[in-house]
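Right, one structure below, let's go through it.
Order of writing sets the chain letters: A, B, C and D. Residues in each chain are counted from 1.
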Amino acid sequence: MTQNYLDLRAATEARDRSLRSKVMTLEKATEIVQDGDHIAIGGCTASRTPLAMIWALIRAKKNDLSISRSIVSTEGDLLFGSGICDHIITSWFSQGIVWGISKVMRSYTETKRAKFEEWSHMSLGLRYRAGAMGIPFMPTRAMMGSDVANQLENLREIECPFTGDKLLLVPALNPDVALIHVQRCDEYGNAQIDGLQFMDLDLAMAANKVILTTENIVSNDQIRRRPDQTKIPFLTVDAVVEVPYGAAPHECYGMYEPFFKHMDDYADLTKDDPDNGVAKYLDRYYYEPSNWPEYLSLLGVEQMLDATRRGRSIYDV
Amino acid sequence: MTQNYLDLRAATEARDRSLRSKVMTLEKATEIVQDGDHIAIGGCTASRTPLAMIWALIRAKKNDLSISRSIVSTEGDLLFGSGICDHIITSWFSQGIVWGISKVMRSYTETKRAKFEEWSHMSLGLRYRAGAMGIPFMPTRAMMGSDVANQLENLREIECPFTGDKLLLVPALNPDVALIHVQRCDEYGNAQIDGLQFMDLDLAMAANKVILTTENIVSNDQIRRRPDQTKIPFLTVDAVVEVPYGAAPHECYGMYEPFFKHMDDYADLTKDDPDNGVAKYLDRYYYEPSNWPEYLSLLGVEQMLDATRRGRSIYDV
Amino acid sequence: MMSEELPYSASEMLSVMSGRLLTDGQTVFAGVGIPLLAATLAQRIHGPGITILFEGGTLGPFVVPGELPASTNEQRCTRRANMLLSITDVLLLLQRGYVDVGFMGGAQIDRYGNLNSSFIGSPENPSVRLPGTGGGNDISSLTQMIVAIKHEKRRFVEKVDFVTSPGFLTGNSTRHDTGLISGGMYRVVTDLAIMGFDEMTKSMKVEALHPGVTAEEVRDNTGFDILIGKDVSVTKAPTDEELSVLRHLDPDRVYIA
Amino acid sequence: MMSEELPYSASEMLSVMSGRLLTDGQTVFAGVGIPLLAATLAQRIHGPGITILFEGGTLGPFVVPGELPASTNEQRCTRRANMLLSITDVLLLLQRGYVDVGFMGGAQIDRYGNLNSSFIGSPENPSVRLPGTGGGNDISSLTQMIVAIKHEKRRFVEKVDFVTSPGFLTGNSTRHDTGLISGGMYRVVTDLAIMGFDEMTKSMKVEALHPGVTAEEVRDNTGFDILIGKDVSVTKAPTDEELSVLRHLDPDRVYIA
């Protein structure tokens, strides 16, 4: 996974990084992802998960993807359950604390049909950051001595040449593609992200390609009025897809909170027979709808309104 | 300069990092700086230079300071000329391209009365960043092979244990005190910075102590309404001083541009006899005024209004 | 175990007892659930200057009673916060030394305070694959720790199946020798007692018993030979004020049930 | 040297000729002065998709005619920019490989394209202490370079007094061997000619002469034995359009005088 520096640069150089419109459909954007790619997913747990893009990738029946994300929630179940991915790199993997341990994750990993490769939260963040900075590793003082580190192959320990301190070096991670959902961006891919940023800025810079989904496409003029609010520069972006409620039933900061009832129902559905539960869920919500608005209709307008009311309340202070 | 990790932590632990008011006068804030300290200065060239704080430190007749800053402008002349500092670490040192080479810098360094220690711009930034991250060095692919690197003692080269690439390691820099000027912050030190950030965020995190000067103190309520706009957290801050026009005659983004006429006059004054020129300037603007408003009066209301009009124009787009 | 008639739940006991360990002015890295409740309780009762950090990237929030967040990574965590940072940057505050106490739970803990939240059984063929470390490994690698956990034999084991979050590893100086030169376990708080660690051997040691609990009871519910300090004290039962603040924070008893 | 009667200044010549070397869609790291003028000129004439970066932290600004910034670190640089970053982060774009061309000036350049902006004379006892590298060292370490500089013997020296910004060091593979595995000098543009570098030895070589300039003139104004390519071409004189765009950008002739 530690990419050769000159290969990384060559890949970047080969991209068209000029100021050009990158607006396309979800379906078209799936063509950017190749079978076998390593995909990094933006957001964290049930927040700003690029679910519309994941939905499209599952429908496009991609193969053999590996995935990394700071913390993985229900999208991990669906990636395993759909068969498009059998290897997830993350620090924590379950729907969320209130719903207990993911039965789907357990089922797939305990039967060894899929791999959950565990890194500490910060060390995964540092891997993206090293990738974003164009250096092959980042030193850290964490994770030493633990079985988390013992289980990983791609680590090195050194004695600091300045201080003599023992340090762990974690390797850079430059994903093939990063999927990031934002509140707004322009047609070129200049993105603003409100609220929690998670690891998304490093992700965008580290990745070889970036697909942005956005609640709303705004004018480049609006972006240029407050350039200090741009969090992801257009240079790094290869696709822009406008998808309202593109993180539903997860949360998008300031716009909607999680669709809690739907999340409860999902937990119930996958509790007793996780394999069949996730298959049923995929059929109903991923394969049967003919487009994203149909998917949203299945979530239901009532839940949309409720999640939106709660989402907007964060600014009522 | 590479601080022992446990000493660094002990110094941080010893500070009162609770949510408490840190508002004080410029004069009181000078007591935070000890003779012999290494001081990092925020902003860059003639932008957001914490000139009011530097003014107060020069008036307080500090001794034996060393200074680092991304790029040093007229404040470097004044630090040398006042005798409070004889060692400046930076990547570029002169008033600004349009005014040519600083005659004061030349005079002091060429006669070896003071040292200008030259690092590349990015490597100095990476030193602060390593300091901010609590790691003893940062690897980089720049500066190798140059005389800039050859002149520096505190560097190491390694072969990357992952890729075999040759890498340069630059040592962490944890300044004793950072001086940072911001557009607004609350009494606890939660700061918002508009426009160009320069290296200030890393500076605040790397330093052992932080003195903020601010155009305006705002309520903590206002800060908490948009926590994603806070750039420096109160935890890191030891003093908050409200000083309108605290960067004059330099610029403060969105509020005032440089006082160009004053900057031209300064260049003229120091052109032919830099030592006497800077001494005269210090007498007139630094030692004679009894307080900051008197200093501003000497700059003149007309120039203040002109600089302010130009400063505000950045948002007229 | 707690007798039935006590006027508070085990979770309330954990929250109160661990909250009391925090000092005013401290910066506390907290998980959701009991750690968050305990830190917020401490803020309201005796430590108004305590700052809470969440690994999702929140610095110094005000938690709204009745709107407790379900994870550290959602907007509810950010209400009236002083600052939002990236995940990596908020975790780096630990490495830079800005955090006084880390505060978490765990599935298993052993004699040397190592925590397991990854595997029950062998990592190769686990009987349960747990959700994993999250920020736990980073927090316990880089700062002083308080662990809140129910006191059960299956949780207090001789050796954890997997060291997710390092305590003192195999005791004595082994933590330091492995490169973890700062931080370490400070206290383990359960519904029965408060434990510390022997200064030399780093073996777990009872420091205080909760009202009505005997050393025997603690031994019976611990899967290893736990040290009992000579001057074991007895904690003060949760006060009405503490309980009422807790119940105000969590009116639906999501976490304190 | 330019003869007196030419309808453009040496600085205008440098700006036009170096601007022509940029290709549409490129990302260009530019200093203020001639580099900025050249890149902006290229945007207006043939490369609307060129993105300019300033080391102060600006990505993709629109420079306002008549309001040229005096440094890369002030608000004038940010007008209608797409994004503002920290200094360190904008420079890291070079290391990550997002920048196609770096564009700068310099006080001295030598046979292998090394630039000096630190010391005239020995670094121990310089006759002039220059302002230093700024971002120059980083840019030239990490990307392909265009240098715009006046063609004078005192500037084109056998060996620079101090390697501030590395070119090909001592030629052949020495740049690569020292660890600088990407980037390198691409072109040197002067008021007399356009130079490249020999593929093997990395010694400076004239690629094209400006209208009316002879190889002899270039040799006379160069302090080392400069290579003259066999197929040296002649550049096209600045067009009226190019000159009028330039003069519109810099109506006060701050940089083009």
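Everything that follows uses one rule, which is that a residue touches a chain if its C-beta (ideal position, glycine included) is under 8 Å from a C-beta of that chain, and two chains touch if they have at least 3 such contacts.
Please read these numbers as outputs of a predicted model, since none were measured by experiment.
Hopping across touching chains, the smallest step count from subunit C to subunit D is 2. When every chain is reduced to the mean of its CA atoms, the largest separation from subunit D belongs to C. We define each chain's centre as the mean of its Cα atoms; on that basis subunit B and subunit C are separated by 40 Å. Subunit B and subunit D have CA centres that are 29 Å apart.
Touching of two or more other chains is recorded for residues 5, 134-135, 140-141, 165, 167, 195-197, 224, 228, 317 of subunit B.
Looking at subunit C, one finds that residues 58, 78, 80, 84-85, 92, 95, 181-182 touch two or more other chains. Taken together, the touching pairs give a contact graph of some other shape, not a line, ring, star or complete one. Under the contact rule stated at the top, the pairs of chains that touch are A-B, A-C, A-D, B-C, B-D.
Those residues of subunit C that touch subunit A in the shared complex are 32-33, 55-58, 70-71, 73-80, 84-88, 91-92, 94-95, 118, 123, 126, 128-138, 141-142, 162-166, 169, 174-175, 178-182, 254.
Contact residues of subunit C toward subunit B in the complex are 24-27, 48-51, 58-62, 78, 80-85, 92-93, 95-98, 100, 181-182. Put simply, subunit B touches subunit A in their complex at residues 2, 4-5, 134-141, 154, 156, 158, 160-163, 165, 167, 169, 171, 194-197, 224-225, 228, 315, 317. Residues of subunit B that touch subunit C in their complex: 5-6, 8-9, 12-13, 16-20, 132-135, 188, 190, 205, 220, 223-224, 227-228, 230, 233-236. Of all residues in subunit A, only 44-47, 70-71, 90-94, 96-98, 101-102, 105-106, 109-110, 116, 118, 120-123, 125-126, 128-129, 140-148, 151, 157, 165-168, 195-202, 251, 253-254, 257-258, 311, 314, 317 touch subunit C in the complex they form.
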